[in-house]
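Labels run A, B, C and D following the written order; every chain starts at residue 1.
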């Protein structure tokens, strides 16, 4: 490292200071807002130039360096930035949220305090159908008439649960026990503090279309409203090298290389050796997840399927 | 390290092998059982003798060394042992549980699978009163007549929640959304894997009388039924140096040392300087948490309170 | 989860039990050996079937499920397996090693014990040249004559350092201070315990051709001699979906899809918009790292470079 | 939580802003300086009042609440503050430093860059003797004449190591390999980022008299110059409840309570049952570490030893 200046200014991000404390609304009654932060794009560059001595010509500017780091998974410089959010979120989404262990959490305790917040309510047009091809997903929406019925029964059930809770408290039941039958989707509040590397990992998983809609809504707000303002160069690189990236396995690469050189036989040989081309009794091939995924990737690249 | 033998036997603990897979019942319908483990008391000693070259006379035997390590918070040798449990636990207790971040978890997903388990039920004599001096605790029980009423209303609410859940599923609502109004105390299941150091930390916090009864019941079973069998020397040391230990602050030590030498004036001077002895208008002293705690500790040691 | 059997057998891996405690030699005087382990391929499947209710037809067998998990980065089931190694390794490689924070370590203390081990010695034909295109890498070897000189001067320096160390000890200097001028490559020993998910992450980074040769030698032994025996299905999947995988960025995918459909103009438009095609004054394009990497990937797939 | 203000000011600590970037010198050529930080005493209070609803009268002011949190090991509010330091430190002290895993690190790479920094030099009066009663410690200093000799031989060895390093580089040996025989105490530089809870844990271990002097010097500077300015209420509480605290085991408490009530027989019975009073053949008792420690604690409290 070079000579140290005797005094450093504290890094600030004007675009983030503008929204400090301002709540972004999520779901019917949830929110996300920035409480404090540390670092910016420049802090990532500063750390990287120490670690990786990254002064080569090819990555001479900050944007290029940040893109290089993110692409090649040099993750430690992104840990140099830190974000602290205040969130209000239904407990069932929160349970998924706090499975991310590399973060700090202070949650509102319903042992100490009476639960003031209501449960999350679902609009008549927001009841999702069970996905048939994805056991853990949803697909489409119930029609509005059925939805209206479920919204009404939801309201009735939530009111019932609240009444029981209030009766318990009135009779002196301990708060920590009285809450036990509140709905899973009761709102809670917390401070959540996480470094940028782990925040990006959270966003990659929770902005994914396979994530449950509720937590995806939060992740999308955090990504597009907060991170994009905070570290714009990192956010751009994240969209290019993480959200928009596709990984090809060793076998997929071998198939694609054979297709690329116009050698269909070789492509089929690779697939056959991998067990992808077992003939089905009804013709065609026995269903095979990896082959199906490879076919989709070939299609996305406008390459022909060789078998 | 010394010369390596060419082959090592794998460490086993016969007393633990005897209960591998055997469920210990907790609450009305919960369980804990050992799925697998790694290491034993000897593995701790093995690691410590490498790290701390712990071959001094004073800690020449395994028991003495383990006690020394635990007392002086040499924690890394305890990380050399690992425990994997299968647990069934109400989700509200589980939420407290997984706040312990240094563990590995695979939880049953209610996005994938229909929730089969019922919610935790409370017996008529098990409704706890709100503690008046501890805002987050409970104290005593409601009388049986009142309790019977709450048990009945709990059953009714849980049945209502279940009915709504089943109706949603029957109408094709996605499982991930249908579950949203189930009670917080609905049972879930998980594999939980943790090293012994972090397990002891979990037990120290969750066997504590201030922990909520539900999770305390689990911690107590894990401690007394599992850990005590697995690493008996460590368990004994844990009871002596953690569960049964008391910490005295710098000020408390100064007061006690003054009391010990019979110098009440000095003890009072320490307390006064700490701001513990501000006179109350009604006589006596203004309420002060630290003074009150110090008085209790003096009483526990049968020492007289000097002021 | 289904009904629990009353008693479980403890998982074992015969192929690993066969080498328990057997040292694998690394470098001139280093070693790796398995001390203990927990779990196997079946334990991963067991955990995944709980978490992801993974009973779909497409992943009906264990191999298919493990491949699915690894490909789609469902990482928690791999945390259910644990490995404990005894290693002897030069301290400079060890410093890189322990940067992996999600592991447990008990290292031989040179504060407690005299350093018996020598420093790592380099053979005359093993002196590597500085890479010119990779600032942190090496490339090729010095010729044997020059190498012989460096090996001789290395031996002399190491002997000098050892002599100074011994003189300090003989005069009563504290061990913790006497060691301060030993060479960075002095061997140390440690127990290293890590779960399979984090071990695979370690291997992915340290078996990579960009990793320094010394730690790469250790990683390769751990991968090929230990992990391949321990969890053969996981190892096969790791080779296909991690070691052999390639990630394509959003821009690279767009270029490839355009090339795949034969639309060179579109491919060039994507590249131009990305800033990859700035004309150089001497003809051709200004040097651009991302364009160069994209070109290499196209070549690897036998696709033509569109610009 | 209460209603959210629409805009929040960013927390700042004037006393810390005054020294931002200013290097504190440590050892002969090391340094510590603050690069950035997040949060302050008020941020801890803010988080705690959410988590623990900590509005009881007994802990009504910020100072009282922070003291309560630290005393009772409510650690998560302290995680809400974050510190980023730039340090220059000898590699052997750095190795101890980075054993603290819950921190983020970007270290200067000697694969990328030529090592400019010299090794740490020891003054003639700074050579410490080996402690006889603490196998891992040092005690006193060698006399100046002997010290002068060791300082001279240290200088000679360091110059020799540097010469070999330079020769290797001049001949084109890769930097990553050339460095292998530099002294363990060669200076390195890094950014180190850690939350306040983990920083206090680091300080408790590394400011301890048993920590090696070199790292203790760094910890002391970080504690007294940085943390004391940053979060003065927390620092005061840390000195009272951590640095100045003493823990008494279950057995020690039992002995002390018996002594406190004047019941020497009971105290001896406790000690005898614990195995502390085995008669030695030469009279007195067989050496016993736990008894010795208990005796020292009784002495520190001016209580008489009952046996």
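We take it that a contact is a pair of C-beta atoms (placed from the backbone, for glycine too) under 8 Å apart; a residue touches a chain by one contact, two chains touch by 3 or more.
Values in this document were obtained by computation on a predicted structure and should not be read as measured data.
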Problem set entry | Contact-richer chain pair (by C-beta pairs counted) among A-C and B-C | B-C
For this session: Could you check if the interface between copies chain A and chain D is built from the same residues on both sides, meaning over half shared, or from different ones?
Result: same
Problem set entry | From chain B, the most remote chain by mean C-alpha position | C
For this session: Could you check which of B-D, C-D or A-D has the same interface as A-B, with more than half of the contact pairs identical by residue number?
Result: C-D
For this session: With chain centres taken as the means of their Cα atoms, state the distance from chain A to chain C in Å.
Result: 27
Problem set entry | Length of the line joining the C-alpha centres of chain B and chain C, rounded to whole Å | 37
Problem set entry | Overlap residues in chain D, where contacts from two or more other chains coincide | 52-53, 105, 109, 112, 135-136
For this session: Sort out for me which residues of chain D touch chain A in the complex.
Result: 1, 4-12, 17, 20-23, 31, 33, 35-39, 43, 46-48, 50-54, 76-77, 79-80, 82, 84, 86, 88, 104-109, 112-113, 189-191, 193, 195
Exercise. Which residues, counting only chain A, touch chain C once they are in their complex?
Worked result: 52-53, 56-59, 64, 67-68, 71, 135-136, 239-241, 243-251, 253, 256-258, 260-262, 287, 289-290, 292, 300-303
Exercise. For chain C, which residues are in contact with chain D within the complex?
Worked result: 90-92, 95, 98-99, 101-102, 105, 109, 111-112, 119-120, 122, 127-131, 135-139, 142, 146, 150, 153-154, 157-158, 160-161, 164, 167-168, 171-177, 179-186, 212-213
